[in-house]
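First subunit A sits with subunit B, and in the next complex the same chain sits with subunit C.
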Partner chain A sequence: MSGRSRFLPYLLLAPSVLFLAALFVVPLVETIAISFSDNGAPTLDHYRRMAGDLNFWPAVKNTFLLVVTVVPLQVAIALGMASMLQKLPRGRDLVLWIWTIPLGVSDLAAGLVWLALLQERGYLNSALAALGLIDGPTQWLTYETPGTLFVGILLAEVWRATAIVFIILVAGLQLIPKEYREAAEIFGASPWTTFRRITLPLLKPSLQTALILRTVLAFEVFAVVYAIAGRNFPVLVGEAYVWQRDNQAYGVAAAYAVLIVVISLAATVVYLRVLRSRTEERS
Partner chain B sequence: MNAISRLTVAGLAGLAAALAFVPAYAQQQDVVFLSTQLRPIEEAQKVREVILKGFPGKVTYLVEEPPQFDVRMRAEGQAGRRTVSLAGALHGELSALQPSGDLQAIDDIAAKVKDRGIPANLMELGRFGTGKQVYIPWMQATYIMVANKKALQYLPPGADIDSLTYDQLEAWGKAMTDKAGKRLIGFPAGPKGLMPRFFEGYLYPSFTGGVVTTFRSPEAEQMWTKFAALWKYVTPNSTSYDFMQEPLMGEEVWVAFDHVARVKEALVQMPQDFVTFPAPAGPKGRGYMPVIAGLAIPTGAPNRDGAVALIEHLTKPQTQIVTAAEVGFFPVVKAELPADLSPGIKLIASAVAKTQNAPDALPALLPVGLADKGGEFNKVYFDAFQRIVLRGEPVKEVLEAQAGVLKGIMEATKAPCWAPDKPSQGACPVQ
Partner chain C sequence: MAQILIDKVRKDFGAVRALDEVTLDIADGEFVALLGPSGCGKTTLLRIVAGLETQTAGRIVIGGRDLTEVPTRARGLAMVFQNYAVFPHMTVFENIAFGLRMQKADPTRIDAQVRKAAGLLHIEDYLDRHPGNLSGGQRQRVAVARALAVEPPVLLMDEPLSNLDALLRLEMRAELKTVLEQAGTTTIYVTHDQTEAMGLADRIAVMHGGRIVQIDTPTEVYRHPRTKFVGGFVGSPPMNFLPVEVTGGEARLGGLPVPAPVTSGALLAGVRPEDFAIVAPDQGLAAEVLVVEPLGSHTLVTVRCDGATVRVVTPEIIDWPAGRRIGLKPDAGRVVWMDPQSEQAVGP
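Now for the complex of A and B:
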């Protein structure tokens, strides 16, 4: 009986481990192999071609630009939303439900929704024209208007993916015992001090999770950008897709994939180090 | 534990069932016909209900986007379990499958359809320079220009729309921009647009008389400078256009260039609003690119006899005429188109005829012998366009750099030159 219970956890874990190994580790190893070989011979050619391509540096720049603007913005907005939700005496579930609607929308669909809003004959232009602010259809999303194009993508990404950060933070906030805040109130701490000294430190584990999740996903941004900007705004995953699908150069596509994995892993390590929570430090 | 492992077993069983389902529809007696062409649901229905009508056997007509088609054909070959008996795809898509041995030689069928009158040069394309017939030409199309009738008043004086030059197109664009207040020429330069074909089949042949050999010639430099000037009157939305029919119908553009299949909806729905005409001519002639779709039989096809019979059916003059009337792809065999074509199809047919019969017509073939490097070949031209026209980089420098890439592709594939480049011994040289 005791022998059985010792193996039971492993037995239970085995299917998921096997599943992940088969569908994640194997393809990952194969992708790395493809990126470093050409007809069986080892080579760095695919990486050279990737780095030498006209869209490589724009893609790197655009991807990082999106990450460093979208993620902080989303965390700030989600923190605000989560704190406000805490204060609601009633109707919390309804607000929570409405705020998380974008979670249920696929990213390509979200991109298409924003395209419909922002394109030349979209709702934004109709509204602006009705208000007399523009004369006729104005183009916001072309290669000639990189600024508004970027803002468009930013809006869509913030709209689409803030909810996931928000959900994680709401869960984190609910884990913080009320007594801390009540004690702070009794000692006359201002709301801002309470937030800074109590909420934020205790929220760290949730923040860490949210940040890792969102940053990794932001580095993988694709469908929204593809729908709104097409090839006007190259990003890393988009380039991987183009090399795989259009250029049929699987080695270069694999090189992009490996690069994205490396960047995501690096970001995760940075977060784990910077945001290490106190309990972890002690143990 | 039991509940969980039961769930796992159920999940695995579901997965297995899903996998097992894939070949289940491929009944022995069916001919599974997989095509990258005629994909939209209405066109696929036309194939099933009209074009395949009268064929004695049972056909399962399936469509797949080109990349998925490629993956499926290779995967079935590698797995040794072929479900597809007949593959219908563009020349370039089939040529990518030839080196992997996924297509079988069909010289016997070539002999069978000899009396159809398929031109020798088209049959030649179907051999990919291997000496063995790999596909039988199925239907053809090309690219045309479409203009909204509102644009005609701005045509430069003295210009004949059926024999425009690139200079006149630029002047026309300028007049429209000046008078109508916006840029109204459009090109399909979006992610799925066919813009590279414009460079390979139209611009380069018209200005340099070649595609590969003349890539960085002085004529090519002038050509890019000229095209950058024309681009000033092209709507910047062009880099988002995949198909020109929607912007034409929505009047976002008044003058557009695209593949006939990608402007067809506009012409069929609003034939009274549009005129069609050949692409412009440059100093070396009126370059144009005939597009060929072919029928090939995969290696290990489960129903070769059915596929042979289907090829015979599809290449019958009567079937070819029906195909033209229903979906706007034109016969590869000798066949008279009926006079009662719908107005939209008639618009296409007239522009195609005017293109082919233009006195300065300069046919530029689809790339031959590039195998799976077709995508990278397109990228050379599109990158040159992006760098020179969209990013304003110096022409000569860009052409030098891109010529190096092009040379690499030609040498790796050892593809000999194709028209309009002069025939070469060995790989087509970039001069």
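Now for the complex of A and C:
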């Protein structure tokens, strides 16, 4: 092989590697440095300030609450949608296309749409009033109604981000040869047994990908929450934003950012371990 | 053990008729091969018997029970797929046990049945492995063991050997025959390979264009093909067809008068490549050698005869150059007659 062709692959990869290094690794290292230093001297003060803040524990609690409700719900719904899509004899592409529309909507826009639906004089209240279920404009998204506020955010998140899980699972399902399901059927397995004993285990690699992606993104939830609830429903990224923008305390904002990275990494490690499939078990 | 009746089964895919009134009666314990080229409907027919495909019309009756409305899982069959479909996330043991687990068999029976089936197919040493660690041939054995473990009344096999290499296929073919004879299961075996069908089956159903064109024992299909298609498809190299003119109830083949089943008119004389004797140029059908292929056990000679290409198989070891003139003398008793228009066999 000539010298030129030996280096060519690296040369071609170099721009993207440099790009990622400049715009991802450097800021990450810098963020970590900012979070642990005060005017050049090492300190844990920013972390103390973060943990001592009135909104910190509610933000942790709310973020985790959203992750543990939204992600399983999305996976369950996406699995159902993907399985139903597989059964369609025709029109699959159209349904696939419609079901993935939310993917094209920015999260802030999605939050505003749901705000328009759920706010005091929104479509939901109009509909409920028309049906005679409520007397007049009712507030669902305030500090005094944490239950409905949470449900509102949950609905918006599920609507907005289930499609990505769905797409990954559809791709995964298509990789499973139909003979596996047919063989199970021949040997007497019911549709539910086939799903549980054949489809689900063979879908593990795709489930793993979808879970990691969705969980990491769910820990970073911000725009939808911000649009619907403002600071009435504090979440980690929202707090980082407030400390950065309103309080101009960059060290504390950096501490939040580092905390979010650590939590996301930990979740990824857990998924990789729990859903590990050995090479020989794959098709 | 069960008898299978495929009763006037029709299958349309949109405007395409894949199966046209197919009727087939299979006796208890019989091994029937569905043989035909790709697209002839053989796999569709097998899938309809399995319930994986629904027929447009007709009935499937197994052991006296009409299964037309019965879903696949309740038909109590076993099947071996072309690509094996051995579950990759289960051990060999769990794969073989799958059908029994679905039947909720008790653990001692499962263990005994799995070991028995694995023993029959010589895979008892691999029970703890995953299929990913097995060769193609071993996976095929797992697929067969999984099917036999449930002791099915009916076994369906869809080109089970076509993904194996030639030597392994030969080995598995002989082994399958032994194992299935022991099991005594009624078997439908789909293949496009005529040697597999000839070697394994009690009867061969030759399919062409969505119909069964002949159903007979392997010898009968080989000796007395009912259509030109069967003669050409069964046998390798295929049967030769020579156009002849019949006068006074006799056709002349290489100067030899051969009694024909009609008194006059045009016919096709079907002659198997091994049913020619090679004689001196002036003694039989005049032919010119095109290619000589020595194949060890026999020699394949391709000749040009009356403008047509004819293949001749002879046990002699010969080494002739192209262009050599020879004579061919067909074995009169082995000639089959076809109508050139309908391409159907004529006569007894």
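Worth a mention:
Note that the second predicted complex is superposed on the first by the 271 of 283 C-alpha atoms of A that agree within 3 Å, B and C clash if a C-alpha of one lies under 4 Å from a C-alpha of the other, contacts with A are read in each partner's own complex, and residues count from 1 in each chain.
Assume contacts are C-beta pairs under 8 Å (C-beta built on N, C-alpha and C of every residue); 3 or more make two chains touch, one makes a residue touch a chain.
Being a predicted model, the structure only gives us computed values, none of them experimental.
Considered on the superposed subunit A, subunit B and subunit C are sterically compatible, since they fit side by side.
In the superposed model, A:Gly188 makes contact with subunit C only, not with subunit B. In the superposed model, A:Ala249 lies in contact with subunit B only, and not with subunit C. Of the two partner chains, subunit C is the only one touched by A:Glu179; subunit B is not. On the chain A superposition, the C-alpha centres give an angle at subunit A of 160° between subunit B and subunit C, rounded to a multiple of 10. Between subunit B and subunit C the least C-alpha distance in the superposed model amounts to 36 Å. Touching subunit A in their complex are the following residues of subunit C: 50, 52, 71-79, 81, 83, 85, 87-89, 98-99, 102-103, 129-133, 146, 150. Interface residues of subunit B facing subunit A in the complex, by the touch rule stated above, are 1, 4-5, 8, 67, 70, 96, 182, 190-191, 236-237, 239-240, 250, 252, 372-376, 378-379, 383, 386-387, 390. Subunit A contributes residues 177, 179-180, 182-190, 193, 198, 201-202, 204, 277-283 to its touches with subunit C in the complex. Across the complex, subunit B is touched by residues 8, 11-12, 15, 54, 120-121, 136, 139, 141-145, 226, 229-232, 242, 244-249 of subunit A.
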